Amino acid sequence: MATATVPAVEREDYLNKEYGIASWLLTTDHKRIALLYLISITFFFFIGGFFALLIRLELLTPAGDLVQADTYNKLFTQHGQVMVFFFLIPSIPAVLGNFLIPLMVGAKDLAFPRINLLSWYLYIIAGMMMVHCMLTGGVDTGWTFYTPFSTAFSNTKVIEAGLAIFVAGFSSILTGLNFVVTIHRMRAPGLTWSRLPLFVWAHYATSIIQILGTPVIAITLVLVVAERALHLGIFDPKLGGDPLLFQHLFWFYSHPAVYIMILPSMGVVTEIIPCFSRKRVFGYIFVALSSIAIAVFGFLVWAHHMFVAGISVYAALVFSILSYAVAVPSAVKVFNWTATLYKGSIHYSAPMLYAFGFVGLFTIGGLTGLFLSALGVDMHVHDTYFVIAHFHYIMVGGALMGYLGGMHFWWPKISGRLYPEAWARLAALIVFIGFNLTFFPQFILGYVGMPRRYYQYPPEYQVLNVLSTAGATVLAVGYLLPMIYFLWSMRYGKPAPDNPWRAAGLEWMVQSPPTTFNFAEQPVVTWEAYNYDEIDKGYKEEPQLVG
Amino acid sequence: MFDNFPLWPQRASSMAGNVDALFIFLVILSGMMTLLIFVSLVYFAARYRHRKGVLAEQIEGSTPLELTWTIIPFGVFMVIFAWGAVVYFQQRTPPRDATEVYVVGKQWMWKLEHAEGQREINSLHVPVGRDVKLIMTSQDVIHSFFVPDFRIKQDVVPGRYTVTWFRATKAGTYHLFCTQYCGTQHSGMIGSIVVMEPAQYEAWMSGGSTGPLSASGEKMFAELGCATCHRSDSQGRGPNLQGMFGKTVLLEDGRLVTADENYIRESILDPGAKVVRGFKPVMPTFQGLVSEEQLNALVAYVKSLTPPSAPGGRNTAMSSPDSTSGQGSQVQ
Amino acid sequence: MSDSQAVVPTAAHEDIHRPALLHHFATEEQQRDASNLGMWIFLATEVMFFGGLFCAYLIYRHWYFGDFGAASKSINALLGGVNTAVLICSSLTVVLAIWAAQTARRGMMLAMLALTMLFGLVFLGIKGVEYRDKFDENHVPGASFSFEKVPIPSHPDQYANPQHAQIFFALYFIMTGLHALHMVVGLGIFTWLFWMAWKGRFTPEYYTPLEIGGLYWHFVDIVWIYLFPLLYLIDRHP
Amino acid sequence: MHDHAKSSPLKTYFTVWGALLVGTYLTYKAALIDLGPFNPVVALGIATTKALLVALFFMHLKNASERLLKLVVASTIFFLMILLFLTLTDYMSRPWTITS
């Protein structure tokens, strides 16, 4: 157990260097900003999760009996908006990416620390606008804002919600910009692109999407707001505008946005699997390039959300075939992760359990994506619960699983404390079971025909809905547990050694928690990424991991 | 299985089998892939679990393997794409002689009107075995016409027509859902498709009609004064509409367009947009003067105008002798 | 890919007094390269931001070409042309200001920065005149919009569809409006640059803010270079 | 990116400035001639040339010591073209517009 002796005297680190509200709210330290993000996105996660639970409770019975129809519509709209724009998109990049990228590239901070702080403030302003919008009536357009419903028919607070997401978009853009510049300009000597952790590669790819995709949704929302306020006609068919143009512009961002959520998670998993297999990652260059390929191809497929919306048959064919192009690099990643396990020395630590969960659930999510990009099948399952199940497998089974795995993996580094391993393994198991129970029935529900966004439904769909609601309850427990034991560990957890997992990477060579400027002197990298063979040989005694 | 626990939707249209076949293929394919990944994960995790004194064996990767699992999935994906495209194509090309039903979606109901004139709300009666083409538009927001047991879905977009079709194969009552979120009562915008045996259907049809849709269109055509310019000879100020439907039209600016439902619609509401060569843009717009239903009637009337030489009079769907044959029969 | 990696700071480096160097950069070179790249990436964002508008413009111009022509003809192309020239001149003064900083000509730098701002203000003034004309003619989209009986340039026997013309004007106002907003932001940046220059912060060794601000200004110029023919010169020929 | 290009940047700057003004004049004049479908082609051609001049000389892209900035510009244009052209695959292949 005792891999490193923990000094008795408390060392100075980024957490205990300064105290007081101002030292946090005016900090430019990427690690403190990451924690600010952690607190804020956790807040939004539980708001969004609360909405999800209400949705599932309403769907327990076929009749609309728990809430009003309008309330239900607001619940699923704001569940989507909060989870997508205020939790999933910032989750891994703004918390783990923010904390780890400077450490991983051997820099003292991100390239633009003040812009990093600005980005958090923009997020908070956007979040407060969203909360205000919810408290004063909410919005019921669906997170997709489809026109002309959003511009001419909804009588809820579309403008405020649109502006909130507009502002949140700039927060996301600035994060991506900061990452790209940091990765290009701040790498330690010797840290070539082929030695870069794949977590960093994944964030580089994510940033490309944030930089080039987000402005398009921003301008689209400006147009929606203008259309709604002034009735210009750009998206209003009554005035000669095309509602499908809105959908094109919306999905140009919102499809790649899925990759903003999943790519960082893939990055996390690519760190965890080699570490707990004690192996170099299988096919480093293919995993790295597949991240970039996903980011680029991700921009070519957006109209597969519109196969039944009334686009031309020709366009449908083009977008269907391109959709399969993006499936290839995703498949390559799954195969490489699996191959990394081969002949490894595998430890079942909590982060690894999350990584296993991720690979399994992402596989199912990805494969069901093939159904949806097949034109003939999409015609039937589009806008049904099949789609809901598919994207929750990607976003919750994939992105959120990766986020939790990453939180466990780096928690000792972030907090300087160890979480209770047994509880963490239990939570991973509960999440996996609860998740599948919640969302697998929805695949069947979708294929038998239950449309999404239905507040009441024909009675024959009840059994599957009850299963799903039951699963959601289990899932909720699975999500509450880590929050409880993470908080517990901050006070009562055992102090973490600097490198509890004997993991590779610069972030593990500094103390836990790191000092404000991370590195006392500029590190020089002379080794390849994931050199677990060298690490394990370096230890005289048996490699023993914490947990 | 049980009444309240269906695992598979009914297969009640000619399209259902095609979609199911591809779906089952995909289920088997992805089931195998999932199994492969899960079994490898579990096997590797168990077989190579950490043991004292055993170090991991380092493998950097393998380019042939990478190429294999890039190229083979890509090949498989192309098969899925092609298969999906074929099914989609069938769904997007209604048979020529299909019976036509005009559908108007509004918050929160479906208004359906048979070419023969029967009007229905939230329900549609059709006979078994006949091709039915739905010409759909919305008078407010986007809706979507979804019949799970038929495996058809098409968004209904304001400002234009979208089209879908089906041929019911089994008598019964089937769900009709709106699947594009459309506001408060979105989940209440449901109805049913009642598929009847032909004899029962004829009995149902014989009641309640105010005459064919094209006849009310003809009446409007006269009332709105369309006939003064659109004469049935070549002397009118507007083009002769006899037999125009479905033809390719040469426009003033040299473009060619097919005279389909959307073209007729546009020409009534925005006459200046696509003027037929040889004519002046003198037609006034009827924007705001006709409702969606009246527009449908006008479109149905214009479509019914066959060239004078052709025998058999108006080609309403009722009079087409064998509307179950034709293009639709290849879809089995 | 060629990029600069951090250099291990040497003792020699540490001795030099480097007022503009932020703590987390190893060298001025690295800091300057980072700022430069950051600005270019921000401009990439801006391109996509305007890109969404160009996409909408492209579709509707394709659909409603005649109506767009009629609406475009009602805008004063001469004012648009003059404004293009004004912006080009302001871009010149920006590069001259940077050159003056490089060659330590403080007076010229201040003069050029002032001239840039003056050109910017002239641009906005002319823009204001244009907007006032459109307002007077009831060409502002909304309740009072009116575009009745305006012939289509290429088909004089046909009137433009007012709804489609309204879409043109909506795009015109949003595109030029956002561009003008960028000009206003640019003026703010240049006021700050002028103040920095006045305080003598820029030297031939350190003028990064000037370069970065200049990149932004030139980008705004480039956007206008496209807006001018796309909005003012549709179907103009007799 | 210092020194060697510095011999007479002023001359370059003024030449580019002149070319941009001439370009603006040409854009205006070309719009007054009926070139059929080539009117927008000419207008956008001149605009792109002008934009390139500004980027290469005023924004110093030509002298940029590394290819990275050029890569940023090229990929931005690439993604913009994806937005425009893939949207057009839909619009150019459907005959209908919106009327109501």
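Labels for the chains are A, B, C and D, by order of writing; each one numbers its residues from 1.
The rule is short, and it goes like this: contacts are C-beta pairs under 8 Å (C-beta built on N, C-alpha and C of every residue); 3 or more make two chains touch, one makes a residue touch a chain.
None of the values given here were measured: they were computed from a predicted structure.
Engineer: What chains do chain A and chain B have as common neighbours?
Structural biologist: Expected: C, D.
Engineer: If you tally contacting C-beta pairs, which comes out ahead, C-D or B-D? Let me know.
Structural biologist: Result of the comparison of B-D and C-D: C-D.
Engineer: Which chain lies at the heart of the structure, taking centres as C-alpha averages?
Structural biologist: Central chain is A.
Engineer: As a quick test, compute the distance in whole Å between the mean CA positions of chain B and chain D.
Structural biologist: The answer is 43 Å.
Engineer: Hey, how far is the Cα centre of chain C from the one of chain D, in Å?
Structural biologist: Taking the mean C-alpha position of each chain, the two centres sit 14 Å apart.
Engineer: Averaging only over C-alpha atoms, locate the centres of chain A and chain D and give their separation in whole Å.
Structural biologist: So the centre of chain A lies 37 Å away from the centre of chain D.
Engineer: What are the residue numbers in chain B that touch two or more other chains?
Structural biologist: 158-160, 270, 273
Engineer: For chain A, write out the residues touching at least two other chains, lowest number first.
Structural biologist: 184, 212, 216, 237-238, 240-245, 248, 252, 313
Engineer: Taking each residue of chain C in turn, which ones touch at least two of the other chains?
Structural biologist: Residues 1, 3-4, 37, 41, 44, 48, 51-52, 55, 59, 63, 161 of chain C each touch two or more of the other chains.
Engineer: Chain B touches which residues of chain A in the complex?
Structural biologist: Of all residues in chain A, those touching chain B are 64, 69-70, 73, 140-142, 144, 146, 148-149, 152-154, 237-238, 242-244, 277-280, 282-286, 307-310, 313, 316-317, 320-321, 324, 327-328, 331-332, 334-336, 338-339, 341-348, 356, 359-360, 363-364, 367-368, 370-371, 373-380, 382-384, 444, 447-449, 451-464, 532-533, 536-537, 542-543.
Engineer: Give every residue of chain C touching chain A within the complex, in rising order.
Structural biologist: Chain C reaches chain A through residues 1, 3-9, 22-26, 30, 33-34, 37-38, 41-42, 44-46, 48-53, 55-56, 59-60, 63-64, 141-142, 161, 163-164, 166-167, 170-171, 174, 178.
Engineer: Under the touch definition given earlier, write down the residues of chain B that touch chain A in their complex.
Structural biologist: Of all residues in chain B, those touching chain A are 2-9, 18-19, 22-23, 26, 29-30, 33-34, 37-38, 40-41, 44-45, 48-62, 65-66, 69-70, 73-74, 77-78, 80-81, 83-89, 91-92, 107, 140-142, 144, 146, 148-149, 151-155, 157-160, 162, 175, 177-188, 190.
Engineer: Considering only the defined contacts, which chain C positions touch chain D in the complex?
Structural biologist: Going through chain C, the ones touching chain D are 1-4, 36-37, 40-41, 43-44, 47-48, 51-52, 54-55, 58-59, 62-63, 77, 81, 84-85, 88-89, 91-92, 94-96, 99, 102, 214-215, 218-219, 221-222, 225-226, 228-230, 233, 235-238.
Engineer: For a test of understanding, state which residues of chain D touch chain A in their complex under the given definition.
Structural biologist: Per the stated touch rule, the residues are 68, 75-76, 79, 82-83, 86-87, 89-90, 93-94, 97-100.
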